[in-house]
Every structure is written in structure tokens, then in C-alpha cells.
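A short worksheet on the structure shown next.
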Amino acid sequence: MRIRIIITGGTFDKDYDALRGELTFKESHLPHILKKVRCTVPIELEFNQLIDSLDMRKVNRKRILGSCINAGEERIIITHGTDTMIATARLLGKAQLEKTIILTGAMVPYSVSGSDAVFNLGCSVIAVQLLPAGVYIAMNGRIFPWDDVVKNIEKGLFEYRSA
Amino acid sequence: MRIRIIITGGTFDKDYDALRGELTFKESHLPHILKKVRCTVPIELEFNQLIDSLDMRKVNRKRILGSCINAGEERIIITHGTDTMIATARLLGKAQLEKTIILTGAMVPYSVSGSDAVFNLGCSVIAVQLLPAGVYIAMNGRIFPWDDVVKNIEKGLFEYRSA
Amino acid sequence: MRIRIIITGGTFDKDYDALRGELTFKESHLPHILKKVRCTVPIELEFNQLIDSLDMRKVNRKRILGSCINAGEERIIITHGTDTMIATARLLGKAQLEKTIILTGAMVPYSVSGSDAVFNLGCSVIAVQLLPAGVYIAMNGRIFPWDDVVKNIEKGLFEYRSA
Amino acid sequence: MRIRIIITGGTFDKDYDALRGELTFKESHLPHILKKVRCTVPIELEFNQLIDSLDMRKVNRKRILGSCINAGEERIIITHGTDTMIATARLLGKAQLEKTIILTGAMVPYSVSGSDAVFNLGCSVIAVQLLPAGVYIAMNGRIFPWDDVVKNIEKGLFEYRSA
């Protein structure tokens, strides 16, 4: 059971640029993290894009959808910025692929003290193995179906829309 | 769906004692970690014991079994040293409780650079919500049934016994 | 020999704001750091201001000068943003106080992986004890007199102007 | 002004061995640390030995003395375990070399959360540049002459013997 992880950037992978004094993208931390956490599940990493999800346009989301369609794997994790994660989940959900797709991300970058990135990745690695085909968001230790989730901007948390 | 986390120590929670120059136990990192990773699932923490699993005697394992039996929650995570995690899982598995029980731990302490602790906790938090009643080990990004797992001592990894 | 540390913010003390997705100021890390590094030199912490040094106006620098003049201690460390650290050092240097004053900061925040903050603090704690009265910058493992230093913006390093 | 750093191990450089479940030595963190902290002082690293200072015999200390004598640099930092750091300092002090020699170490390994290693290195890098010829210990933000220092075992701190 091979898992594909499609990397798109987001807060998860942001790094501090010491010269510009701001958070930006250098390269993904996923290869380093997967080794560190001793994950032995076969994983195929796909470096799809490295952008802030606020900068995601239709073309960016379609590139993600295309990768999901073309993937040989039936189990896919997508690392994604949290600001528009739900929009991408909706596009993927409506495509009704016969695959299990988990979107995840982080509220604090992996490179910053106090990050939730590695926890969210752990949640996603198990969710993608156990859940039936469908599109889900894994954040805050919970699994949200793509059509039953909202981001609470004030609290920085994902919640069930139906709750 | 409230989750109980039964803390028993193990490498997961070991801390460096600067005066003695060795790894020992001070207090559990679980309260801090759960807050940091923004987990919103209701969780009841139980401070059961803080010991190295090589020091676990029958009485220690029975205290864990007792906690599982008496817990009001039907979903339980146990943090445990990896050396005898399988022995405790076997005791719990044979008790055939109608609860979902996940044992997890770490090969590198949370307090040490390069730890797998937070990833394993993420794996467990999702596994305990998605799996049916039974006893499982969550390590290396995988879920092992209690009666189909061995620890590969040379590699420091858990593997399926049937593999 | 008591040391006063005047905290003014800068990259040294920046924290990630998960809700706004940017680096900002919460509170200084100095109290935590000094305890962690087991520093036993008597230190008086002064929370002067918490700002980005690009936002420093004349009034902000004068507040620092005032603190230096009024301080009971003859040995003073100032944590400061690197962008205008030299401007503040010049103001203090021209005041010709009979005190040893070290300005330091960081190119990467203490809260971010790969920070130089704690190293620079260590440099400053020794420099302030060993140097005669005067105003100096401690960065990159070097001591620069206030009137012989430039910041190399391209490299993110401090250099001797006379070099 | 080139500095030689003679690496001898000690708590500073200890790493966690996940298979044996204990702290041991892999390789020195100094090359990584010096790059991270943006130190621009020319530094020559010498990998002298990697041992616990409790295991240091006369032959080990003589190897350090030999390196100090043979070094082309007049400014030398020695990373060393704290348990017998004073014994090595005494051997070097009595040799009365015309060089500035700073011994330093850590109470908590660099690889462990809450380490004092990088702070102590910062202290040493400045001390070695500013102090006259002699042998000193840099710990706890202080500089101790080799013949006026004791280690307070109960507190895990270095103190002046004359105090």
C-alpha cells in the first residue's frame, strides 16, 4: 500500500529568510521529516508546487487535481496552506475520484518552535490508510469530510460545518 | 467522542537530568504537546506511571489493564516504552475489552532532537478514532494488530510478524 | 558585577503569530533563555520596548540612551534589531558614557530553527564583562567598535568598515 | 586572528542512540553550529577525541596538551566534559604556554532541548579573543581562571574557589 504525498507548500513548509527577514519557501521539509519519524510505509513524494495557499489560482488547484487523477497510488496526502485548503478539497471532492485523499497543513511552520506540522502529518498518514475513498481534511486531530468543514479564522481551528 | 490517554512513561517522556547526566523521568510532556499541536478532540489524560518499559513488572501491566477496564471512554491511547510494548499489548488483547486501544511510544524522546514522539501521537489520535474495538500498536506510520507484530531490535522498527 | 540587559525587540525576540501568519512580538524570550543557559551572572532585565528596528524613530533611540544613562549598572547589553543597530550604536557612542555597552541581536529569531540568538547573547555576556567603557556591536562571533562597523546587507553579516 | 577549537567530546556533543536507548557519541555538532550561528571568525576545527570526561585518562589529557603546544594558533577553545574539565585545565595551566586557552562544555547536550551548549560556545569565542595568555574555563556566563574554580556538583554550576 504505497502512499503519494503531493507537496504544495503552505505554512507547513515555510522557512525563515534571514536576508529578507520574512517567511518564504526554500525547499520542502518532508523528506527530512519522514526519515526522522521512522515512517516505514512506502511513500512517493511529489513536489507539485511551493506556494502560499492565498496565492493559489484555479490553475494551481487544477495541477493538484491532475496529479491526483494521474497518480498510480490510491492513497494520497496533500500538504497545503490552511487558508484555501477547503477550496481545493471541494474541487477534489466534486471530482469523485476512487481514491482516498487527505489534505493537511499547519498553523505554525515546521521550522518554527511550537509547530503542529509533524502531528498533522502523523494524523494524515494513518487517516489515508484507514479511510475509504473520499476527500478529507486532517487538522486539529480530527478528520473532516470535504463538504462538512469550515475554518474558524478567529481561533485558527477547523470545525464541522454541521456542528 | 472523548479519548483517554494513559501515560506510562517510556522513551517518549524521558528527560535529561543535567546533574546526573542521564535520561530519566520528570513529568509527562503530553499536556504541553496536545496544546501545541492544536488538538481539539476532547482528551482525558491519566498519569498512570512514569517508568522505563524494561522495568515493567506484572503489577505495572495490570495497572494499565485496570485503567482500560475502568475507563469511561471507549477509545484509549497508551504511551509506553517500546521494549515491552508488545507484552502489554498482548495482555490487553487477550482481555478482549470492547474498546479501541492504541499503544504508542517513541524511539527518540520528545525532548531530544530528531524525535518521532509527536508523529506517533498524531498517528494514534486518528487510529483510535477510526479503528474498531481491538488492541493495536501505532509505530512507524503503521497500525499493527496486537497479535501480528514484532520489534526488530537491530533496526529499531516494528514489523508485521506475518510478513 | 551586575549586568543590565535592555530589551528592545528586533528579530531576536520575534514570534510567529499563527492567526495572522506572520512574525510579530509577543513577549521577550530573554528570561527563559537566561535560565536555560544556566547563566549565574547577576542580571537586571529591562523591558524597554518590543519593536522592529526598521520602525525605530528618534524617540525610540532616545529612550534607549536614557536607560543607559539612568542605569545603575556600568555594564549594559542591548538586544536590538540588526537593520538599524548601527544607528543606535552611533547615538550611544557619541554620548561618551563611562559604561561598557554591547548591542546584539539575531539574523534568525530565537523561536525559529537555526537561530543565532543564543550564540550572540553568549558573546555579549562575556564581551560586556571584559571590555573597557565604550559602545560595541557583538555579531558573528566578533566585537565591532560602534564607529568601525557596517552591515553587509547582501550577506547578512557585520563587517569592519576599515577592512 | 585564527582560533583553533579542539573537540574532545563531553556532554556538549552527546547524541541519543535510538537502538541502545542511551546518550553516546556519533560525531561533533561543532561544524553545524558554527555555520548556523553565522560566526565569521576564522576557525580551525580539530577532532581530538570524542569521550566522556569521566573516561579521560592521563594519556587523553596529554593529547590535548600536545595539541595546544603544537597548534599554530595562539587562541584555542577546548570543548570538554564538565566532570573533569578542571583537571585538564590544571594540566594546561601548569604548562604555562604563551597562548589563550578557554575550556568550555555543556550541562545539557546540544541535541537535547534546553541545552546551554551554544551559549557557552558564544562565551568562549569572545573570551578567547579578548583575554591575555592563560588558561580559563567559560561556563555559566562567567570566566574562571584555571586555578580559581570549583564545580558545585549539587547545583551543576561552576563557582570561584576563592568566593
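Note that the chains take the letters A, B, C and D in the order they are written out, and that residue 1 is the start of every chain.
Quick note on the criterion: a residue touches a chain if its C-beta (ideal position, glycine included) is under 8 Å from a C-beta of that chain, and two chains touch if they have at least 3 such contacts.
What you see is a predicted model; the values in this text were computed from it and never measured.
Identification of common neighbours of chain B and chain D yields an empty set. When chain centres are set by their Cα atoms, the one at the greatest distance from chain B is C. One simple way to say how far apart two chains are is to compare their mean CA positions; for chain A and chain D this gives 44 Å. Between the CA-based centres of chain A and chain B the separation comes to 26 Å, rounded to the whole angstrom. Looking at chain C, residues 107, 114, 156 sit in touch with two or more other chains. Pairwise, the chains that touch each other are A-B, A-C, B-D, C-D. Every residue of chain B that touches chain D in the complex is listed here, in rising order: 11, 16, 18-19, 21-23, 83, 107-109, 111-114, 153-154, 156. Those residues of chain B lying in contact with chain A across their complex are 33, 36-41, 107, 114-116, 118-127, 129-131, 138-143, 156-157.
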